[in-house]
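What follows is subunit A paired twice: with subunit B in the first complex and subunit C in the second.
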Partner chain A sequence: MTTHQGDWTMALDEEARMTGENAGTRQPVLAVRQVTKRFGAVEALIGVDLDVHAGEVVALVGDNGAGKSTLAKIVSGVLQPDSGQVRIAGEPVTIGSPAAAHALGVSTVFQDLALCENLSVAANIFLGRELRVSASGPMDLARMELESTKILRDLTVGVPSVLAPVRDLSAGQRQAVAIARTLTTRPRILVLDEPTAALSVVQTAEVLMLVERLRAMGLGVILISHNLADLRSVADRIEVLRHGRNAGSFDAATAAPEEIIAAIAGATRVAMPSWARR
Partner chain B sequence: MTSLKEVFGGGARQFGMVFALVALIIVFHVATGGKVLTPTNVQNIINGNSYVLILAIGMVLVIIAGHIDLSVGSVAAVVGIIVALAIRDWGIPWWLGIVLGLAVGAVIGAWQGFWVAYVGIPGFITTLAGMMLFRGANQYIGKSNTVPVPAEIQFLGAGYLPEWGPSTGLNNSTLLLGLLAVAAVVHAEVRRRQSAQRLGGESIAPWVSIARLGPLVAVIAAATFLFGSGRVGTSFPVSGVILVVLVLVYGFVSTRTITGRHVYAVGGNKIAASLSGVNIRRTNFLVMMNMSILAALAGIVFVGRSTASGPFDGTMWELDAIAAVFIGGAAVSGGVGTVIGSLIGGLVMAVLNNGLQLMGVGSDSTQMIKGLVLLAAVAFDVYNKVQGKPSIIGLLMRSRRQSEIPGGPDGPEAGPVKGSKADTLARR
Partner chain C sequence: MAGSQTALREANRATVLDTIRRYGGLTQVELAAATSLSAATVSSIVRELQGAGAVDVRTTVRNGRRALLVTVLHRTGLVVGVRIGTRHMAMTLADSAQEVLVEQTLPLPHEHRADTSLDRAALLIVELLERVGSSPEELLGIGIGVPAPVDVATGTISVPGILRGWDDVPVGEVMSRRLGVPVFVDNDANLGALAESRLGAARHFQDSVYVRVSHGTGAGVVLGHQLHRGFAGTAGEIGHVQVDASGAVCLCGSRGCLNTVVGVPALIDVLRASRGPLSLRDIVTLASEGDPGCRQVVEDAGATIGGVVAALAISVNPQCVVVGGELAETGETLLAPLREAIRRRVPLNHIAPLEVVGAELGARAEVMGAVLLALEGTTLLTHRVDHPDRDRVPG
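Our next item is the complex of A and B:
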């Protein structure tokens, strides 16, 4: 019996090591390949590539109209690409709707928080996906409250009580509830569209902590933001889009802000003209 | 403090309204020299207001969902005349008449629900049109005549529970109902304690349970005595039984079912609800349809009480129902309100009417007083909102409500959630 159990644990260890080994060449949980999207004559995305690994925060930056939101919407199923491929865990998939994205493990927190202020935190977290006592029974209020508590605790978010109406929460706490909402379906990929827009300094820091928790939970996170300082502090990799094309990929820890801004703005080093060289 | 909250439960408005109701009853009882709390008078209050209270139950859901229904009086009237005529002229049995009436209510509700939910016309406009349409239909169908209804329907609107069995000094049906009610509240309290313990929260102190049960049981006992000890042949009114059943059913639907929660979600933030996968159209449709079915029931109960259906039945009922809902704590902007609160709001209006009448105050002054009460009740609500005070009790609790869920650096292994679970269950 004991040896049996030992074997079993060893097998588990083995598996863990193998996945660990795979980490170097591991498969991205989300891979976007040569995706193109046009709106009439406007080319929003042209041959864009994007990889997101489990436990990685990828920041998507670019000027207004660079195609960040279009790419996020393609990943979350709101828009469909004209050409190119989206692969989830290596499998080519068609994401036809936000519901299909949910089923594939892709959740999105949109810029405008979709919360009902009159409902409690727990009610918001499970809104539209309420748990029932039995197949056609009433809601299982106690279980929804406990699960909400657990999710929020995993996120290490301090919310007064899961029974408090969202109306009573701060903007940062609301963002946390909006993120917690998406975790009820146990996604693999989370798309955060401008999560720190309109937040105070302290609240922004709270949300960035939250993103780090999500990474620690092993999710692949796509973070869209305008704030380079925020992104550099929390992202692993920064992907720049410019005019709908990939315009560079930077290691967030080492890249200089000027380089990233140059990529966003499309600036190239111009040779100094001879007349200036006196 | 926790325990204090556990004793009272609920929000400040309900809490406040219960006290206002009790205070009103006592004040009027004293002022009229003991005429309010007599068996005949309380039976009259229930019989004479059950239809408005039935409407208030439907209306609170409509208002929570962010709409309003101005057509309920007309719908009640048209259903009343159809039921009365069908029974008299077609010779259908009384029970089939009731089924027919409810079916007509459902069809009217589907009509209004269609315009509100699927075409997107505001409920105010749709039901304003319905108010004229169905008032006209009542007078067209009935040729503005008064049509009597049979005794069975009258029993529904003005009858009393029957007497049976040994003589106990009280009406035995009422006594049985009272005992059932006591058993139900004790059972609910026991279950509340059990689930609080099972889910690992702090257990509820015994005195809390006793303090909560004591007054409730006392009130039920007093009501049982009051309703059961009237003159022979009277007891708890049948319309009161209908009302109690509706309150239980709709209380459950609004707090425990997904449909009920979606009504609150739609009223709170329509866009958020739809992004979350709530079917807004279906919810709006059901709310409007349900209101008309309840209006049909109210119409049937009313023609029973007045023994006949007439061309001016149900005028201004919509306003009484809406007033009851707002006095009962619903918010004009939608998303807030409770079934039990609306019932209490309706009873406040009913007692006010009754008490002033017993004191010999004319209907002119009564109207003015009722208007001021409505204004004061909603002003209290708005004032609290402006001040950012969710409720009196919430205010008292504010200091200890912080960080009930430890979200600190200790992470997931930080031990059980203290307090909040028990609070949760205790509050229900």
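Our next item is the complex of A and C:
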């Protein structure tokens, strides 16, 4: 059993490695180009670009109404752009619905998680995609339990039992279950909307370690959050949106928080600490 | 048949104990679910373990219902070992017998600030205590490792500029004020050296050097079983030995320090053109998988570090060099060229050939060192190795 654990992640790893080989000229797994979305007088997004590579965590930050959620909804098929293009692995695509997004390998975990409180962890993970004994046969409960256990173990997630009802789990464990659920469809892109909101520090630590694990599995992750410390901890790149427009792109391994905050706030001059002036 | 019954029971007992350790504390109902054993079996095993003094059971409330919380029974007195790194904070809660009760890692942002990180550390400690069903009153001390030289008397970083945003922060005092227990602060490589010399690869040697190869490189020196910190805590700071006279200026203000050549930002820079932006974790993974570019960068770093460690080895004549830190997870990729560089430069003696080995405690070395520091500081740990002639190297 242990030797086969992680079969399903190996495909992802393989893919990531292959993309990694020509990393110098590597192609983004998701590319958003000049996307515009208007709601009446509201310019939710104006000519927005976004690239996400395999094995890369891209953080989206911005004030309320900056367009983060609109962009996430376009990528996950909930909203359609007025103009612009979305490409997946280089191919222009139309993501007409959340189901279409799934089919294209884009999964999203929204803030409300949409878990069923009364159902077990395993039932939630396979909700709507239940494994069956045969095409029209009954649900294969044993296999769903086994697969759920495997997924959670590969994520090194601390959920004591896949049989426990979700209402017995902590907020951090619920987040983990919601993420695990998206992985059953083997996505290439995962969108996480405010995954650490209202979590304790230990739970935040668990979710952030989980994001690192997803990155190591070769997924492209889009992370939306208000907490700059959390984002900067796990992101490779930070994309700032302001009034529906790209307002700056920062390498998380080198950018000072002051620069990012200035971009969010729209400051034209950045008051830099003395040591940060290079 | 009776024999296999006993064996099965043995195995179930081990499963239950392992599961409790993994989660810190679980109710009997959760234990049954987590181990796939029946409620009756779990209940009888827990009773047995309780009788044997291995676990502790107390009433708690889950979802508004009364439940029995099972935790590993620990000796009186808990300590926390913390390693504050460049991009991660690792924490271990242990008892006075150095039994690890629960562990947690938290990713940290680039150039994290002392106020935010220490705030999170304090909250993490309180939450971990809760998780094992203990109260803050049971906490007796905290050990903290930081990636910079430390004045252990004040718990403050002693060389400015090396850890940005942490200069002049009395780390020990800040944490001690929040949690009301003594806090001991030391350099991370020193703590790795302490742990490896007490519990790990160097435990049979009286004089050893621990080299920590991570975002930066540092060393801890153990002489006669005791950590040698130097007056200002800068002993073993090999990351600031000059290796390139015309190199870049380092955070410390000197030119061409070892860290400017083999520090992670330098490694990432030389790989960027061909491999794209990588993290330290990516470099370790790719090098371990055999990626030629990453391997070469790690090998070259090993050779450069080996040259500097050779000079340190000539100065202090250790019996053993232990190599730890994230980059050491690549195994012989780092270790072989590092060992070779030392062998080429350190004169062989007939008494004790210098061993160069990987850290036995692995990624845990520094947090375990912090645990030991806290235990020794609070005099909970009376065991000290004080037989200078006990462990002559065999052969």
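Rule of thumb we're sticking to: the second predicted complex is superposed on the first by the 248 of 278 C-alpha atoms of A that agree within 3 Å, B and C clash if a C-alpha of one lies under 4 Å from a C-alpha of the other, contacts with A are read in each partner's own complex, and residues count from 1 in each chain.
Just so it is clear, contacts are C-beta pairs under 8 Å (C-beta built on N, C-alpha and C of every residue); 3 or more make two chains touch, one makes a residue touch a chain.
What you see is a predicted model, and the numbers here were worked out from it, not measured in a lab.
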{"item": "Partner chain(s) touched by A:236 [first = subunit B, second = subunit C, both, neither]", "value": "second"}
{"item": "Contacts of A:208 with subunit B and subunit C, given as first, second, both or neither", "value": "second"}
{"item": "Which of subunit B and subunit C A:186 touches, first, second, both or neither", "value": "neither"}
{"item": "Which of subunit B and subunit C A:163 touches, first, second, both or neither", "value": "both"}
{"item": "Subunit B versus subunit C as contact partner of A:251, first or second or both or neither", "value": "second"}
{"item": "Overlapping contact positions on subunit A, where the subunit C interface meets the subunit B interface", "value": "158, 160-161, 163-164, 167-168"}
{"item": "Contact footprint of subunit A on subunit B as seen in their complex", "value": "195, 199, 252, 256-258, 261, 264-265, 267-269, 271-273, 275-278, 335-336, 390, 401-409, 411-412, 414, 417, 420-421, 423-425, 427-428"}
{"item": "For the subunit A and subunit C complex, residues of the former touching the latter", "value": "17, 20, 23-24, 26, 53, 55, 158, 160-161, 163-164, 167-168, 200-202, 204-206, 208-209, 212, 216, 228-229, 231-234, 236, 251-257, 275"}
{"item": "Complex interface listing, subunit A residues touching subunit B", "value": "99, 110, 112-119, 123, 127-130, 132, 138-139, 141-142, 145-146, 149-150, 152-165, 167-168, 181"}
{"item": "Contact footprint of subunit A on subunit C as seen in their complex", "value": "19, 22-23, 26, 30-31, 33-34, 62-63, 87, 104-112, 116, 120, 123-124, 127-128, 131, 161, 164, 265, 268, 273-277, 279, 281-282, 285-286, 289"}
